[in-house]
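Here it is: the structure, laid out below.
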Amino acid sequence: MKVAITSTGNTPESELDQRFGRCECFVIYDTETNSIEFIPNPNKDALEGAGPASVQIVASRGVEKVISGEFGIKVKSLFDSLKIQMIVIKEPEKKIIEIIDMLNKQ
Amino acid sequence: MFRIAVASGKGGTGKTFVAVNIFQSLIKSGLDAVLVDCDAEAPNAAAFFTKKLTGTIAVTQLVPVIDESKCVYCAKCHEYCNYNSIFILPPVKIIKVIVDLCHGCGACSVACNYGAISEKPDSLGTVSLFSEKDRVSIIESRMDIGVMSAVPVIKAAIKQIDPGTGIAILDSPPGTSCPFIETVATADFVILVTEPTPFGLSDLRQSVETLRSIDKPSGVIINRAGLGNNAVRDYVDRQEIPLLMEIPFSKKTAEIYSEGKILAGTDPAFAGSLVSMVQNIIKDHGNSSYKR
Amino acid sequence: MEIAVISGKGGTGKTSITASFATLGGDVVLADCDVDAANMYLLFNPVHDEESVFVSGHKAVIDYDLCTSCALCMNYCRFDAISEDRGRIVISEISCDGCFLCSRICPEKAITMVPDDKSRMYSGSFRKGRMVYGRLAPGEENSGKLVNAVREKAKQTAAQYGLETIIIDGPPGIGCPVISTISGVDRVVIVTEATRSALSDMERAVEVVRKFSIPAFVIINKFDLNESMSKEIEEWCAGNNVVVAGRLPFDRQITEAMIESKSINEYNPESETGKKLRVIWNKIVS
Amino acid sequence: MAPRPCRLRKVSKPPLISGLKPYGDKLKKENVSSIFLFIEEYEAIRLCDHEIMNHKQAANMMDVSRPTLTRIYTAARRKIADALVNGRQIIIEGGKIYFDSEWYQCSNCCCYFNNPGKMDGIKECPLCRSSEFTNVQQPE
């Protein structure tokens, strides 16, 4: 299963980015193969509609879950219709690697 | 027709106060005038008058509707859309229009080679017409909540002015951004209403610079004169901007206004000075024929 | 905590009240999101140490060496931005929305889109903490985006300097910039005054805030200019479950304080207005 | 063969009221039973007759097929007509539904999450696998 996490940088030591649409970077983590991919967010500075455009990026990677600090209204309804689970973590200092560890823990 | 826009950089300087009083004074002295409330975000000029609502015009923009049976998910519309308002996931055949983000530019329907995009009107706001004796005398623009830009509604309101009218008074939106420019660009003369405070001065300066950049003649009315300091007067003198009038601060005036009443209705001297001010403006700038 | 101060109508004293809150709040980040008319810096004279360019959109520009005046772009433009003037195609910078369509369909590739980069964002320090403010170049659109940029910068600044309270001076009206200002904040303060037009504008502002289900507080400024109107506002609030945090009298000292580049709570903290604002502030943050 | 499990219906907005009471002189209080309008039926009426959607749009909103929506809608109208004509009280409750805005908070790691699958209930936190979580309105 693939999970998308919003990140403030492109290393596992980076912290979770609280913004979904305008995060620095998306992390696509595959729980089966343990592979991590970092995708810089091209919509970071989009004038409008960064949220939906970012949904498009992560959804096209086939993720089933997405982890971020907050989701906007438009983003929520899009993920809902795509049946992708949203997980909100309200701890900005959480590191990407810590989140991945949680996902791996049985 | 001569068009005068009443504007102010900052909100609450008494722009609407000046606009409704000028309009009332012109009408009372038998002149042919129309008042256009271009402050589409917060229109309230019409509330001062008891005119009859005689018509409303829905202002819409065209938003795309996608026929999924014709769509081949080529994503060209998405690529053409500069506002991120088309959401598409070709592998799973999902395409959605996010109407809230759409500016109605029509690029997506141009992009589509498969005839899958048609368009439908989506509400942006309304223009209301208030009349007296079968003649439209107040035009009000009002945008819907959550709409991106007031500009299309303002444009639609200005279009409603009967070219045969003598004088049009445009109550402009505050600020110096797009809606303001849209309004003042159609005017022959701009009256800037300010107040003698540091905030008032800072905003006046910005408005003056903006108007200079588009070559619009303007003059200044200092409202609530005596309340603050002389910095605004000094600025106006230095910049050689005509000082059209000073309206002294009085609690009485503020009270009359707060009740939704018009000072010029009870103060003939004030009404008279507004009419002569307008007549002087027209005399000086009447030949600067408005072009768009 | 993020607190946004807005008003349906301009000139209700929103900026002066926000300035007082900044004084009362101790070490704060003050974000001036009234980007059309950012005035807060006049009161606090911040020393700005950072300036960044804000691109507010794009505008179409014609290369007349390539243009054949075929007017195709004119027929496609939905914003009435393109016209013909004596055989020459002209694009109005004012009306152009930056949709890129004309540049895409031009058979001669004569139209290019250039970024609008005249707007600026500043951040710096002032006597009560840090301050972030934007300045929109005249005639620019997308103030909502600049508001977002200012708020984002304010959040970063708060984290960087360990400041807990962010106070936002919002834009007037109810348009897109206002929505950008209040979405996701913890408290919204709506400043109104005792006039008929301010009431109707406040109703619209409350309607917008409702959509976000954020606790809202109303302050009736200059209530004594028309006490019956002020009553009417209070009744409306009571009937619509809106908390009136307090009423402030008309006070010339606010203007006097402004001329001295001070908030009323710095200029005369023991004045009636100063005391009342202190009570209101405590009510809002509690 | 066991009957096919019923697909859960998506409801975007919980009803404001929990029912309606009839009034009038000729009302016989004793032998008139209440009508139970299911929440999915309420939603169908809301979408079709209040939001003025066609059945296809409403079916999309509720995540059911068009014929199912029409069935729910027809049942709802019958019930409302019965209540109107016979002076019955309407009680809005029950039904196989889930709310669109349904969110949970994990008691262990404090994260918030929603349940987009909906067909099967949630057993554990998707992050830390804790089985302790509570239903919340929306993440703050």
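Miscellaneous remarks
First chain written, first letter: the chains are A, B, C and D, and each begins at residue 1.
By definition in this document, a contact is a pair of C-beta atoms (placed from the backbone, for glycine too) under 8 Å apart; a residue touches a chain by one contact, two chains touch by 3 or more.
Keep in mind the model is a prediction, meaning the values are calculated, not measured.
Chain C has its Cα centroid nearest to the centroid of all protein Cα atoms in the structure.
The chain pair with the larger count of C-beta pairs in contact, out of A-C and B-C, is B-C. Chain A and chain D, compared by their mean Cα positions, are separated by 31 Å.
Computed from the mean C-alpha positions, the centre of chain B lies at a distance of 45 Å from the centre of chain D. The centroid of the Cα atoms in chain B and the matching centroid in chain C are 18 Å apart. Contact with two or more other chains is made by residues 83 of chain B.
Shown for chain A are the residues that touch two or more other chains, namely 47-48, 70, 82. Here the chains touching each other pair up as A-B, A-C, A-D, B-C. Interface residues of chain A facing chain C in the complex, by the touch rule stated above, are 19, 22, 45, 47-48, 70, 72, 92.
Residues 9-14, 16, 41-42, 44, 47, 61-62, 80, 82-83, 103-107, 110-111, 143, 145-151, 155, 173-178, 180-182, 185, 197-199, 202-203, 206, 209-210, 213-214, 227-229, 251, 254-255, 257-260 of chain B are the ones that touch chain C when the two sit in their complex. Of all residues in chain A, only 43, 46-50, 52-53, 55-56, 59-60, 62, 74, 78, 81-82 touch chain B in the complex they form. Within the complex formed with chain A, the residues of chain B that make contact are 83-85, 87-92, 94, 96, 98, 100-101. For chain A in complex with chain D, the touching residues are 65, 67, 70, 79-80, 82-91, 99, 102-103, 105-106.
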